[in-house]
Amino acid sequence: MEGFVLNLLNGLSWGMLLFLISVGLTTVFGVMGILNFAHGSFYMLGAYFCLEIMKYFNSFWIGLIVAPLFVAILGFIIEKTLLNKIYARDVIFQLLLTFAILLILDDSVRFIWGPGYHVINPPDILSGSVKVFTHSYPVYRFFLIILGPVVAVILWGFFHFTKAGKIIRAVASDREMAEGVGLNAPLVFSLVFAFGCWLAGLGGALASPIESVAPSMGEKIIIESFIVVVIGGMGSFPGAFIGALILGLVESFGTNLIGEIQMAIPYLVLAIILLVKPTGLFGKKIA
Amino acid sequence: MKKVFIFLLILFFLFLPKISSEYWTFIAIEVLIMGFFAMSFNLLMGYSGLLSFGHAGFFGVGAYTTAILLQHGFNSLFLILLIAIIVSLICSVVIGYLSVRQDEIYFAMITLGFGMMLYTIAHNWTDFTGGSDGLPLMNEPILNLFGKKISLISPENLYFFTFVIVFIGILILWKIINSPFGLILKGMRENKNRLNFSGGNISSIRLFAFTISGTLSGVAGFLFCLFSSMATPDFLHWSFSAKPVIMSILGGAWNFYGPMVGAAIFFALEQFIKMYTDNWMIFLGILLIPITILFPKGVLGTIYDYAKKRYNSKS
Amino acid sequence: MTTQKKDTILKVDNIHHSYGKFKVLNGISLEVKRGGITALIGPNGAGKTTFYNVISGKFPPTRGKIYFNNIDITGFPPHKIVKLKLLRSFQITNIFPELTVEENILIPLILKRGKCYSFFKDLKKYKEFYIEAENIMNNLGLIEFKNRTVSELAYGDKRLVEIGITFASDPEMILLDEPTAGMNPAETERTVNLIKDLSEKSNVTFFITEHDMNVVFSVSEYIFVLHQGSLLAQGTPEEIKNNQEVKEAYLGGSV
Amino acid sequence: MLKVEDIHVYIGDSYIIQGISLEVKKGEIVALLGRNGAGKTTTFKSIIGYLPPKKGNIFFENVNITKNKVFQNVRLGIGYVPEDRRLFPDLTVRENFEVSFLPPHEGIEPWTIDRIFSEIPIVEKLQNKKGGELSGGEQQIVAIARALCCNPKLLLLDEPCEGLAPVIVEELGEIILKLKQHIPILMSEQNAHFALKISDRGYVIDKGKIKFSGSANQLKENKEIQERYLAV
C-alpha cells in the first residue's frame, strides 16, 4: 500500500512536469505545424537561467518568474529571424532547422556553464517534507502535483474564454483565413512560439530543484515529451494532459515491476497506443 | 560519358588506399559506410517521401549484432553479416508495421520513438550490450576468403572489404530504384492518393520500402562496428539518426548518389572544423541554418537548379 | 450502340453519408447499366463528388450498400476496388507531377500486372509495359509528350494524363469526375470526342459527372440527377431535358 | 474605391492572370463573371494580397496596396469572403465573429454583433453552433457576416452561390442587395443569371483576360458573350 502511494505520488509529480513541457510542444505544433526539436533545449535554458538568476537574487521565486521570460524572449527572436522562413517548406527542413537550434543551444550551454551538474534548492516553504506512512515525502513534489492541474485549468480558460486564446485557435485552424479577417498571423506565430518556449522554460525552472541541472537534461526530456504528444494526439491539449499522466504513472510504477529495462516502458506504451489508435488518444483523423 | 565517369570513380576508390595515408584511408572508410547508410535511408526520404528519424536504430542493431556475435566467438564474418541482415530485417518489419500507417511528421516522430526504444535497450540491458560503455571487439575480425585469412585490423584490408560490401549494397539499391517497384516508390512520393486509386496498397508498399531501407542500414551498422571496433549506444541515438538526413540534404535527396556526396562533404567539413575547434556540434548547427533556409532542394539540388535556370535563360 | 437489354454493372442501395452533423448524401439508390456513357448531374454542392468518393472507397458510406458486378464492395479500400476494375478519375487533376507522362501511365500498368513488388528486374526489361503505355498515349494523343514531366504540360493535357492513368488500369467501369472542368472550348471538344471514342472502341462503362450541359446531353445515354444529396430524377437525355423539376433545381426559379 | 491596373499573376510557374484591369466605385455591385478556371478566384486572391501580382498595380482609395500583406489590406477596409467560405471550424459562429472585429473606419457606421443580428437575422440562431457544423448556405451567410465584423469599406465576395440550393441563393441575393446600401461589393460568379440580377456592372473574364465589360443590362442582352464565356 505504502509503495503504491509513493509510486502514485512520484508518477503524478513527474507527469505534471511532463505535462507543462509537452503542452508547450503540442501548442506550437497545433498552431504552427512545427515540431520543435529544440523544445528540450528551451526547457534546459529555463533551468540554467533560473540558476543564474538565483545567484544574484537568491530567490527561487524570482528565478521561477524571470527565467521563463528570458527563454520566451529568446524564442521570440528565434522565430522572427529563423523559423518564419520555413513554414511553407517540407517537414524535413523544419526538423533540421530546429535540430540545428538544438545543437547550438546545447553546445552553448556546455560552453558557458560547463559539463558538470548543478543543484538548486527549493525555497524554504517548499523544502520540507510530509510524512506519508513511514516515509517522508518532499513538499516540493506536492507543489508540482497541485500546480499541474492549476496550470492546465488556466491554459484551458485562456484558450476558450479570452480573445487572445480564440485568436490563437483561429490562426491554428486556418492561418490564411485568419489573415483574411485582418489578424496579424505572423505576429501571432511569433507570440505562440514564444509562449511555447515560456512553458518549456517554466518547466525547466520548476524541474531544477528535483532534477540535476546539467547539459543533458534537455535531450532526456524532449523524447519523453514527444512520446506524450504522440500518445495524446498531436496538437491536442487534453491529450497532452492525459498523455503526460499516463507516461508519468507508467514510468513510476514500472520502476519496481521490471527493473532493468524499465526505460523502454514509455516506448512500449507508445507502441501499444499506436496499435490501438494510430492517431493518439485525442488525435483527430489525419485528412 | 556518365559510364566513363562512374568507371573512373570506382577506379579512384579502388586505388585510394595506395595513394593516401592511413589517416585518410580511415576517413574514406567512414565516408563509404556513412554514405551507404545515408543512401539506404534516402530510399525512404528521397524516393518514397518518408522521413524516418529513427534509422540509427537499425544501424545500431546491425552494429550490436556484429559485436555480440564476435564477442561470443563467431568467426565467420559472412555468417555474422547474414545474421546481422536477418536481425535488422526483423526489427524493420516490426517497427515498420507499426509506423507505415502514419504520414509526414507523424511518421518521423514515431520512427524516432522506436529508434529511441532500441537505443534504450542498448543503453540499459547492460549484461547483454555492455550498457553505456558499449561493446568493444575483443577478437580480431578475420575474413576467411577461400581459405585465406585476412585480418581486418589492417586499414587497407578493411577498406577493401568495406568497399566491396558497399559496392554490392549500392548495386542492390540501384537495381531497386530502376525496377518496377522503384517507379511505384516515386509514384508514392509524388501522389500517394493517386497511387492508392490506381490499385497500390500504400501500407504494404511502404512496409517493403521501410524494410529494405532498414535492413541495408543494418548492413552499414555491421561495417561500422568493424570500423570502430566497437558498438556503442551512441550509434542508435536520435542525434545519430540526424546524420543521414543531413547528408542527404547536403548532397541532394533526389539524386541517387547525392547522399554519398553529402557524406563526403560532411566529413570534409568535420575534419576542417575540428582543426580549429572542439565545438564541432555548434558549428554544424550554425552551418545547418543557412542550409535549411537557403537551399530548398538541398545544397547540390538547389545549385543544380540554379545553374540549369541560368543556362536555360542564356540559350 | 445496342438496344438489347443490358445488365447492371453498378448498384447502389440507399447510401447515406455525412460530414460531422452535415448530411451530404441522403439515401441514394440507383443502378448503372453496363456499357456506354451514363451521366450524373446536379447543381454544385448536390453531392456528386462525395458520391464518387463513397463508391470508390475513399470513405465508406455511413449507411447503405454498394455492389459492383454483384460483389458487395461496401467498405472496401480503394486499392481493392481498383482490383475489381472499378476506376475513377478526379475533379482536381490528380497525377504524379514530377514524373514523365510515360512513367505516369506505367505506374498503373505495373500495379495492374502485379509487378509492384518486383524489386530487382529492370523496369526497362518489361517491354510489354512500354508497348501498352505507348498504345494508351497514342489513343489519348499524348505520345508527343511521352518524355516530358507532367507538371510542365498544359492544363488540358494534364487532364488527359489523368484519364490515361485511369484507363491504364484496364477498367470495366470508370467514374469520371468533371472531365472538362476548367477546360477551354477547344480542349473540351477534344476531350468529349475522346471519351465518345474510348467508349465506342472499348467495353468500358463510363459514369461521368459534368457541369457543362451541352457535353452531358451530347454524350450520355442515360442521366441521373442529384439534388441536395438525393436522387431527383433519372431518364434519357430527352426526358431529363423536359423535366420541370430538374429545370427548377438547376435554374433556381430565376428563369 | 478599388482600381486594378493591368495585373499579371502567376501561381508557381503557370501564368494565370494575363493582364486584368477593373474598377469598383462607391455604391456599386460589380460582378466578375467567367467559367470555372477562368481566373476569378486568382484575381480576388491577388487583390486581397495572397498572390501579389508580378506586374501591375492595385489601388484602394488611391493608395497603392499592391505589395501589402493580406491582413494589412483587411485592416485598410477590404472585407474578403473566400470561395470556400472557410469559417474557423472549431470556433462557434459567435467566436468566428469575435476574432474578426476590427476598429471601425471614420464615417462608417460600425458593425457590432447586435447590428449583424438585426440586419441578417438568421445568423442569430446559429451563433452557438461551430463553424464546421453548418450547411453550405449557412456557412456562406456566416462568412459574409464575419467579413462585416472587419468593418470593411469594400466587400469582395468570391463565388457566393457556389454549391448552394436555389432557395438559399435567392435569400443570399436579398442579403447582398441589402448590404449594397452600406457598402460597395465586388463579386465573382459563374451563375450569370444570379449575378446580373443584382449587380450594376460586370466584367467577363476568360483564360486570365477581360473579354468584355459593361453594364448589367448590356451583358444580359449580349447572348454571344454569354454563350462563349459563361456557362449559361
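Chains: A, B, C and D, in written order; residue numbering restarts at 1 for each.
Definition applied: a residue touches a chain if its C-beta (ideal position, glycine included) is under 8 Å from a C-beta of that chain, and two chains touch if they have at least 3 such contacts.
Just so it is clear, the model here is predicted, and its values are computed rather than measured.
Visitor: Between subunit A and subunit B, which partner chains are common?
Guide: For subunit A paired with subunit B, there are no chains in contact with each.
Visitor: Work out the mean Cα position per chain and let me know which chain is farthest from subunit C.
Guide: Farthest from subunit C by mean C-alpha position: A.
Visitor: Pick the pair with more C-beta contacts: B-C or C-D?
Guide: Greater number of contacting C-beta pairs: B-C.
Visitor: If you average the CA atoms of subunit A and of subunit D, how far apart do the two points sit, in angstrom?
Guide: Each chain reduced to its C-alpha mean, subunit A and subunit D end up 43 Å apart.
Visitor: For subunit C and subunit D, what's the span in angstrom between their mean Cα positions?
Guide: Each chain's C-alpha centroid was found; their separation is 33 Å.
Visitor: Report, in whole Å, the distance between the mean C-alpha point of subunit A and the mean C-alpha point of subunit C.
Guide: About 49 Å, centre to centre.
Visitor: Who touches whom among the chains?
Guide: Those chain pairs satisfying the definition are A-B, A-D, B-C, C-D.
Visitor: Under the touch definition given earlier, write down the residues of subunit A that touch subunit D in their complex.
Guide: 163, 166-167, 169-170, 173-174, 176-185
Visitor: Looking at the complex, which residues from subunit C come into contact with subunit B?
Guide: So the residues of subunit C touching subunit B come out as 56, 77-79, 82-83, 87-88, 90, 94-99, 103, 106-108, 110-112, 115-124, 126, 129, 165, 168-169.
Visitor: In their shared complex, at which residues does subunit B touch subunit C?
Guide: Within the complex, subunit B touches subunit C at residues 172, 175-176, 178-184, 186-187, 190-191, 193-202, 205, 208, 212.
Visitor: Of all residues in subunit D, which touch subunit A in the complex?
Guide: Touch list, subunit D to subunit A: 48, 50, 69-71, 74-75, 80, 82, 86, 88-91, 95-96, 98-100, 102, 146-147, 149-150.
Visitor: Over in the complex, which subunit D residues touch subunit C? Could you list them?
Guide: Per the touch definition, subunit D meets subunit C at residues 35-37, 132-136, 162-167, 169-170, 193-194, 197, 206-207, 228, 231.
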